[in-house]
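Below you'll find the structures, each written out as structure tokens.
Common to both upcoming complexes is subunit A, partnered first by subunit B, then by subunit C.
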Partner chain A sequence: MKLKNYKMSIALRKPIELFRKTWMQIALSIILILPLAIGFSLLYKAWPLLNPDDLGKLLFGSVWSPSQGNFGLFPFISSSVFVAGVGLIIMIPVCLSSAIYITQFAPRWISRILRAAIDILAGMPSVIFGLWGVITIVPIVGNWAKQQGAQNPTGYSILAAGIVVSISVMPYVLNMLLELFESVTSELKETALSLGASHWQAIKDVFLKKLKPGIIASFTLGMSKSFGETIAVLMVVGNVVQIPARIFDAGYPLPALLANNYGEMMSIPMYDAALMLSALILLLIVVFFNYLSHKVIRHYQAKA
Partner chain B sequence: MSTKTVDLASKTQIDSRKIMTKNSSKSILSVQSLNLWHGKQQTLKNIHLNIPEKGITVLLGPSGCGKTTLLKTFNRLTDIYPDIRTEGAVLFKGQDILNKKTDVYSLRQQMGLLSQRPHPLPGSIADNIRYALKLKGISNKTEQNHRIEFFLQKVALWEEVKDRLKSSSGSLSIGQQQRLCLARGLAIEPKVILADEPTSALDPISSRKIEEQFKELSQEYSIVLVTHILRQAKRLADYVAFMYFGEIIEQGLPGELFENPQTDTLKEYLSVGH
Partner chain C sequence: MRINKYQTENIVKIVLGIVTLLIVVVLFSIIAGIFIKGIPALSWDIVSQIPKGGYYFGKEGGILNAIIGSLYLAVGASLIACIISIPVALFIHTYLFQFPKIQKRIRLWLDVLWGVPPIVYGAFGFNLMLLMGWPTSLLAAIITVSLLISPVMIRAMDETLQHVSKDLFESALSLGFYKGEIGFRFLFKQAIPGITTAFLMALGKGIGDTASVLFTAGYTDYIPESLTEPAATLPLAVFFQLSSPIPEVKARAYAAATVLTIIILVISISSRIISKKLSKNRTT
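Let's turn to the complex of A and B:
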């Protein structure tokens, strides 16, 4: 009786195996096809606007009046770059020093509390960061802007958006950095110390140098996440269509443009194509930064 | 090293304690009643050991017996593990290494370390030695380059790498890397070389090269070599301490110790060891 069952399971194994394999291949192909499909559908929808003669005007034009058929996207692109750049400048020192402190200096119990805090921040819905930005960051930036005699004293600005975006992306970058710094072996530390280096010299000259590719890649991925941050930025950036020149100026990044206007995109001719194009640009920026981070890692791996 | 010192030192532990006070000038490192705990577990128990100036002192024993830990107390690398606690003294030039007031950075620069596996620092071959020189306060480029050549020649690596000093240290074979690490350790101009099973990751030919270099270096430096390989100990040792479960069970001249072991533990180690 038992023997018979055994034989049956052998007989079934091949089809089950085949089914599993096929299922995995299907799952994999969905993951591979999805970004391409999104990219192509955006391209398809934006196509009516993509006239080679007008491309320059689209990307670098600053006039945005959909009802007149003017779709200059440069205010949005420049706002996006500006916000992500400010976010990065805030992120680099804060993330690096926290990662170094947590992995190198903090007593174990403090490091455990800090890690828990980072995980909570990482799981926080970004609308909360946005709301918090509105009630705290915006007034602070507004006061500062007044003191500086800025044109826009409201506080809804590139700076406020940069701060909020850095806070929402930081846990993500920090987790990558923590993993990196933990990959430093105690032997490497002993090696540096045994030459007479202080702990800080070992970190500065040896660990940072060794982890450089990983650190650059982490921040590059952080950048691409900054570009995509939508709701928190939208809530504090001011949403004024202009090319921001100072950190106190209001801006209007690409994700905010999409989130604010997708409801009415069918009301004006070509409006939908313009929004799809801006979505495509956003996607390309994110893909570019991801590619860059892989490139950085490859470059250093080849050298090592 | 005089025969007399060693004769006396090779007797019991209590004896060697007395000798230390008599002949401390002859030994470069003197371990006195050293106890060490990892948390609640005691890893070193009442260690007494005089490490003679110049020559190779071998710390022999099975894995996990505390050899490496003992070695790391000599340059206070034990400091970086917060759950390690020590008692007793290790005298170096008459000063207690374990004293909190000891300048640990200059102490470490008198103890070159060679670890089990080579750990090249990030950067080029030259950078590895340059870093040691920088920590020594040598910032003049010409002087640096001069010394880089000097120390690479000292470990017989110069001819192999002189045309690619700027290429990554990772491009070297593991045996070459270990010699680079040795050169880096020598570049801080130590008095003592601490070697922690330095050949355990190497192929026989690379091992032999390191051993030959140790023989040569033992004319100038005091070398403390940790190993569990009996034959290596026999080849290199000028003085041997046999460790077992955190204790030094026997110590003495290799001739006496290997020919005439006193304890059953050592007898067994000698009979099955290789």
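Let's turn to the complex of A and C:
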């Protein structure tokens, strides 16, 4: 009886292995095809709107009136860039200092607590960040805007969106930075110290130089995440179609455009094409930034 | 007065420490802010009932439909994501073992996929749904979310598999095992802590993601009974109810956010505990 089972399992070994291999290959091809499928499906849907003469008007036009067939996406693109830029400016000092502090200076128990906090932040859904923005950040920004005598004193503004987006992307960037700072060999540190540098001098003059490509790449990826942040930004940015000029102005980024209008996109001709085009632009921005970060690393690696 | 390098270092330490403290303060203010607003609005009725007539004008009912919908969606999507990601992660480490260049390319590709914003997945899911002729349904949402979380899962598993010693693969191969057998029997077992945390991470993402299901889930006041029915999810409940002008409904948005935060915190903390426990007896 036992021998029979054994023979059975031997006979089945090869077909089972074949099954495993096919399953693996199918799964892998799904993953490999997915980005292309996303790109092509969006391109296909946006195609009716894409003719070469109108492309300039589409991307840089500022008139948005779907019912008249005017789809100028520039207010949305500029809002997106503005929000991501403000987010980046807030993110850079905070992320760099905490990465340095956690990996270099903090006692073990503090760094353990901080890492746990970062992990929990990383798991927070974006709607929670948005809600937090509405409760905490918007009133603060609103007060500040009133003091400055801004035109839009509500607080629902580019600045509020920038702050919220920087917080929601921070854990993602921080995790990359932490890994980076941990990769520095102790040899490098010891050499710097033995030459008479203080710990901070070693960090400032040796580590930061050595890690520069990785740091730039991390922030580039963080920037691309900020472009895609939808719900959190949408809840605090004000959603007014205009080209924002100041940080207290309300804006209307691309993801918000998509999220707010998907309901009515079937009712107006070409509206769905315009929305799918905005999704395509988002996708291209993200792929571009990924490529950029990859290039940065490659460039410095080739030099070293 | 000039300060020397040791004084500089001490000042820098304090400044960096204060900036870092900001992270904890922000986390605390998020949790506290939501709990302070949400807990007064929370009651047994809210978590145990579905919306009743006049719910959206501040009358009776609760968000049970959204809680159940979110759980269905997240569990379904995580399971499908497992079916896709486990073999991919194992494939990278078995059949592609001797091709580091291809491994690198795949990782790069996965990073790109990881960076694609949820809203773009949502738009893609919507197109897919129209193409297949599905209605807005739980199924469409599950598939969209599973595609969204697969790359995250694969990357997390890949990370743990990289720490499994290469000798294990080579010695098993020399004993005559097929590559797939090594993957599913040995590497899989070694990577269980990583796979568990990856699963929980995906679960949390599935429960919390709003943008990707906005197009596909639809929204309903009922608990979905089959895959083809629309479903409500917690983040959507927060999002829709917050825009209501009626204070009672708005308060329920905070209640829903509180429930969501608690679920996420439970997942996050239990994943830490589980990964600690599981990796205790392992050498990797």
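Here, the second predicted complex is superposed on the first by the 293 of 304 C-alpha atoms of A that agree within 3 Å, B and C clash if a C-alpha of one lies under 4 Å from a C-alpha of the other, contacts with A are read in each partner's own complex, and residues count from 1 in each chain.
Convention: a residue touches a chain if its C-beta (ideal position, glycine included) is under 8 Å from a C-beta of that chain, and two chains touch if they have at least 3 such contacts.
Source: prediction; values computed, not measured.
Student: With the two structures laid over each other on chain A, which partner does A:Ser198 touch: subunit B (first), subunit C (second), both, or neither?
Tutor: It touches subunit B and subunit C both.
Student: Mind telling me which of the two, subunit B or subunit C, contacts the most residues of subunit A?
Tutor: C
Student: Going by the contact rule set out at the top, does A:Pro125 touch subunit B (first), subunit C (second), both, or neither?
Tutor: After superposing on A, A:Pro125 lies in contact with subunit C but is clear of subunit B.
Student: Quick check for you: in the superposed arrangement, does A:Ile113 touch first (subunit B), second (subunit C), both or neither?
Tutor: second
Student: Tell me the contact category for A:Tyr156 with respect to subunit B and subunit C: first, second, both or neither.
Tutor: neither
Student: So, A:Ile231: does it touch subunit B (first), subunit C (second), both, or neither?
Tutor: second
Student: For A:Phe289, decide between first (touching subunit B), second (touching subunit C), both and neither.
Tutor: The answer is second: A:Phe289 touches subunit C but not subunit B.
Student: For A:Ser186, using the defined touch cut-off, is the partner it touches subunit B, subunit C, both, or neither? Pick first, second, both or neither.
Tutor: first
Student: In the overlay, answer first, second, both or neither for which of subunit B and subunit C A:Leu221 touches.
Tutor: second
Student: Common interface residues of subunit A with subunit B and subunit C?
Tutor: Overlap of subunit B and subunit C footprints on subunit A: residues 197-199, 201.
Student: So in the complex, which bits of subunit A are touching subunit B?
Tutor: Within the complex, subunit A contacts subunit B at residues 185-199, 201, 205-206, 209-210, 212, 303-304.
Student: State the interface residues of subunit B toward subunit A in the complex, per the touch definition above.
Tutor: That would be residues 72, 75, 77, 80, 105-106, 108-109, 111-113, 115, 117, 119, 121-123, 131-132, 135-136, 168, 170, 181, 184-185, 188, 194 of subunit B.
Student: Within the complex, which stretch of subunit C touches subunit A?
Tutor: Against subunit A, the touching part of subunit C is residues 5-6, 8-9, 12-13, 15-17, 19-20, 22-24, 26-27, 29-30, 33-34, 37, 83-85, 87-88, 90-91, 95, 106, 108-113, 115-124, 126-128, 131, 147, 150-151, 154, 178-181, 183-184, 201, 204-205, 207-211, 214-215, 235, 238-239, 242, 253-254, 257, 260-261, 264-265, 267-269, 272.
Student: For subunit A, which residues are in contact with subunit C within the complex?
Tutor: Touch residues, subunit A against subunit C: 13, 16-17, 20-21, 23-25, 27-28, 30-32, 34-35, 37-38, 41-42, 44-45, 93-94, 97-98, 100-102, 105-106, 113-114, 116-121, 123-132, 134-136, 167, 170, 174, 197-201, 221, 224-225, 227-231, 235, 255, 258-259, 262, 275-276, 279, 282-283, 286-287, 289-290, 294.
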